[in-house]
Amino acid sequence: MSEQAVTFSPMPYRRTWQAVKFLTPLLLLVVLWQLIVTLFNVNPRIFPDVPTVVRAGWGTIADGSLISHVGASLWRVSVGTFIGIVTAVPLGIAMGVSRGVSDFLSPLLRFFSVLAGIAWIPIATLWFGYGFGAITFVIFNAVFFIVAYNTLLGVSTIPMPLRHAAASLGVSRWQMLTHVLLPGALPNIVTGIRTGMGFAWRGLIAAEMIATNVGLGYMLFLARDFYRTEVIVFAMIVIGIIWLVLDRLLLAPLERSTIERWGMVQRS
Amino acid sequence: MKSLALENLSKTYFDPYRGTQFTAVKDVSLNVEEGDFVAVVGPSGCGKSTILNMIAGFVPITSGRILVGGREVKGPGPDRGVVFQSFALFPWKTVSENVTFGPKMRGVGKAERAKIAEEYLALAGLSHAADRYPNELSGGMQQRVGVVRALANNPDVLLMDEPFASVDAQTRMTLQEELTRIWEERRPTIVFITHDVSEAVFLANKVVVLSKGNVLEQVDIPLSRPRSWDRLVEDDDFKALSNQVLQLVRSA
Amino acid sequence: MMAIYTLWGYYARWTARWPMLAAFIPFIPLIAIWAFIVWLELFPRVFLPGPLDVIGKAWELTYKGILGDYLIDSLSRLAVGAAAGIAIAIPLGIFIGLNKRAHEFSWPILLFFQAIGDIAWLPILLVWFGFGLTTMTFVIVYTVLFPIVLNTVLGIRSAKPDLHRAAQSLGAPRGRILLEVTLPGALPNIITGLRNGLGYGWRALIAAEIIVGTSGIGFLMFDARRAGSVDEIVVGMIVLGILWYIVDSWLLAPIERATGERWGLVTK
């Protein structure tokens, strides 16, 4: 057990190293893409080469259209998700307080959470017309039912001894809510948000293809109308990057921090 | 069953994130006679689990040799059966499938395996649970399966890594008595790792006390067999030996 | 109040005897509330049809044979796409999960392509393959693929080291360890991946049918949207919900329970 210092201190570089390890395969893929396009002389209508896509991307940045599409998409997602979470969590907790109520209502929530998202596009466009309302509704809807169901699940899986312990320590109803029920359900809530947003993001792209004139989905679909494959590929990359950043750098760490630190749920 | 010898065994770990290395096991030599029962005790972090993992072949040796029946061994092999603290039963296999896993891997036929399962399940008193899944058994029953699974593979040496640490106190005493009974019947060579001094004294013929990766002392346990807690709990020799080992561990 | 308790008592007894009922009874009050809101005429009928309108429409569509045909179209697309996806995904996942190099290289690429999402592929697929079956099959295979690959990899890599060690010290050769220890250990993850993959794939199918479709439930709904026939949209949504509910709770969930829970790998 004798510890000896060795001149080696890789710790500060660990994050950088991880980023490099993550990005290298993707860069290799870009190189491969360019090689294939050049070697096999691929028709740019079918698949453009790297410089063309970069130029197209630069074009959308320079004329400001990329910013407005991305901005519109992110704004819709934020609004829809926010409304979804603030309505779903209280509802889920209220329903989860009694075992009987939660058993009774969970088939309903499951039914609607399997329907959530894309299947609502036709009726949403009918109710709200084409545009912001319909798209935000689809996102809200994808987040709402899945988060509510997961909150319910979270509250009903809080071990009874925990509630009893809190009660015998003399907490009020409000304290029970804020100190036991909410934190206890949090891992499930966060998982629900992550899943719900996954469906919402896809729903957004689909809805924007159908029901609007601004946003990433629209950008893709518009480019298709003019056979601008370089813009399509660029938009796909942007969509990929945004979701990767959102999911891996925001949602996944959030999920990990609640689940793993508290050791509440076994990682599958 | 065969003898086991450790010759100048050492293990050094390197921690790349902290940039330090430490020696978990330092120059340990130990002889276990054929059919002997040796318990290794020591405070946590003394290197006892590392030694067992090296004997089992799960972690590479930094220097030294391990001999089973005079032959040097490297890597895991069926000559050294292992009983784990976590039981390590295959959750998707029934009790009898778990017990006959080793023979099956060696290509033993179905009829023969059924006989083996019958014999060893009877030895563990688990004949009624043959077709149940591990998850459906209590911790004590699971570890009984763990022990006979290792035995059913006819190992030369049986390695036990704090096998009873995660069962309740009552069950632990029963399992300890059953283990001594099995040992007396079949005389396997056993290396038993534990941090529980009275467990070590109760079970073994010899207790090895480890300290900071070294062998501090070897204590012979000349208590008569068969051993039972009813008798030994009042036994002065048992108390004296336990106390002696306990003092050694606490000074370690 | 008494009446509610009496009803609750009946409900509890019935569902205890026939657990299947618990999946249906909660919908009765929901439909009643729906009928009540429609009866109040808070919203015009063209926006919110009543349960009877929807049932009538469903009967009409069934009678004409449209609903049955479209349902079979959608299901067979999903089945073909899912089967192809599974056939590629599981071997790929096993390979990546076992091979450290392959894992390091392919993990970022897998995450990135999963992040692009199925629906964003539609425009370029339309350029490549036009409006047709190839496009739809591609989208479903793509969607089903990633969750299964990622979860299979996760399952294989999160195998318990003690089980591997136990198998080794019982004399199992590498191939047998893979077959008897690693794969069964990864099975719950694989099934979770399958469940997620089909959940995403099914939504992708709806989106694809809405955007490129000439038949199928998604097309039925969007066609109804164009015609302004809201009761037909609701029929489509209900059919989708029931369908997925059946697949998920009578097919996928029992498999999950039979493996994971019996073996004690999933804590429920």
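Chains: A, B and C, in written order; residue numbering restarts at 1 for each.
The working rule: a residue touches a chain if its C-beta (ideal position, glycine included) is under 8 Å from a C-beta of that chain, and two chains touch if they have at least 3 such contacts.
Source: prediction; values computed, not measured.
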item: Least hop count linking chain A to chain C through chains in contact; value: 1
item: Centroid comparison with chain C (C-alpha atoms), farthest chain; value: B
item: Rounded Å distance between chain A and chain C, as computed from the means of their C-alpha atoms; value: 18
item: Geometric centre distance via CA averages, chain B-chain A, whole Å; value: 49
item: Of all residues in chain C, those that touch chain B in their complex; value: 160, 162-163, 165-173, 176, 180-181, 184-185, 187, 259, 262-265
item: In the complex, chain B residues that touch chain C; value: 56-58, 75-78, 80-82, 84, 86, 88-93, 101-102, 105-106, 133-136, 149-150, 153
item: Footprint of chain A on chain C - complex, ascending; value: 8, 11-12, 22-27, 30, 47, 104-109, 111-113, 115-124, 126-128, 154-155, 158, 188-189, 192, 199-200, 203-204, 206-207, 210-211, 218, 221-222, 224-225, 228, 230, 233-234, 236-237, 240-241, 244-245, 248-249, 266-267
item: Residue ranges of chain A in contact with chain C within the complex; value: 21-23, 25-26, 28-29, 45-46, 100, 103-105, 107-108, 110-112, 114-115, 117-123, 125-127, 198-199, 201-203, 205-206, 209-210, 216-217, 220-221, 223-224, 227, 229, 232-233, 235-237, 239-241, 243-244, 247-248, 266-268
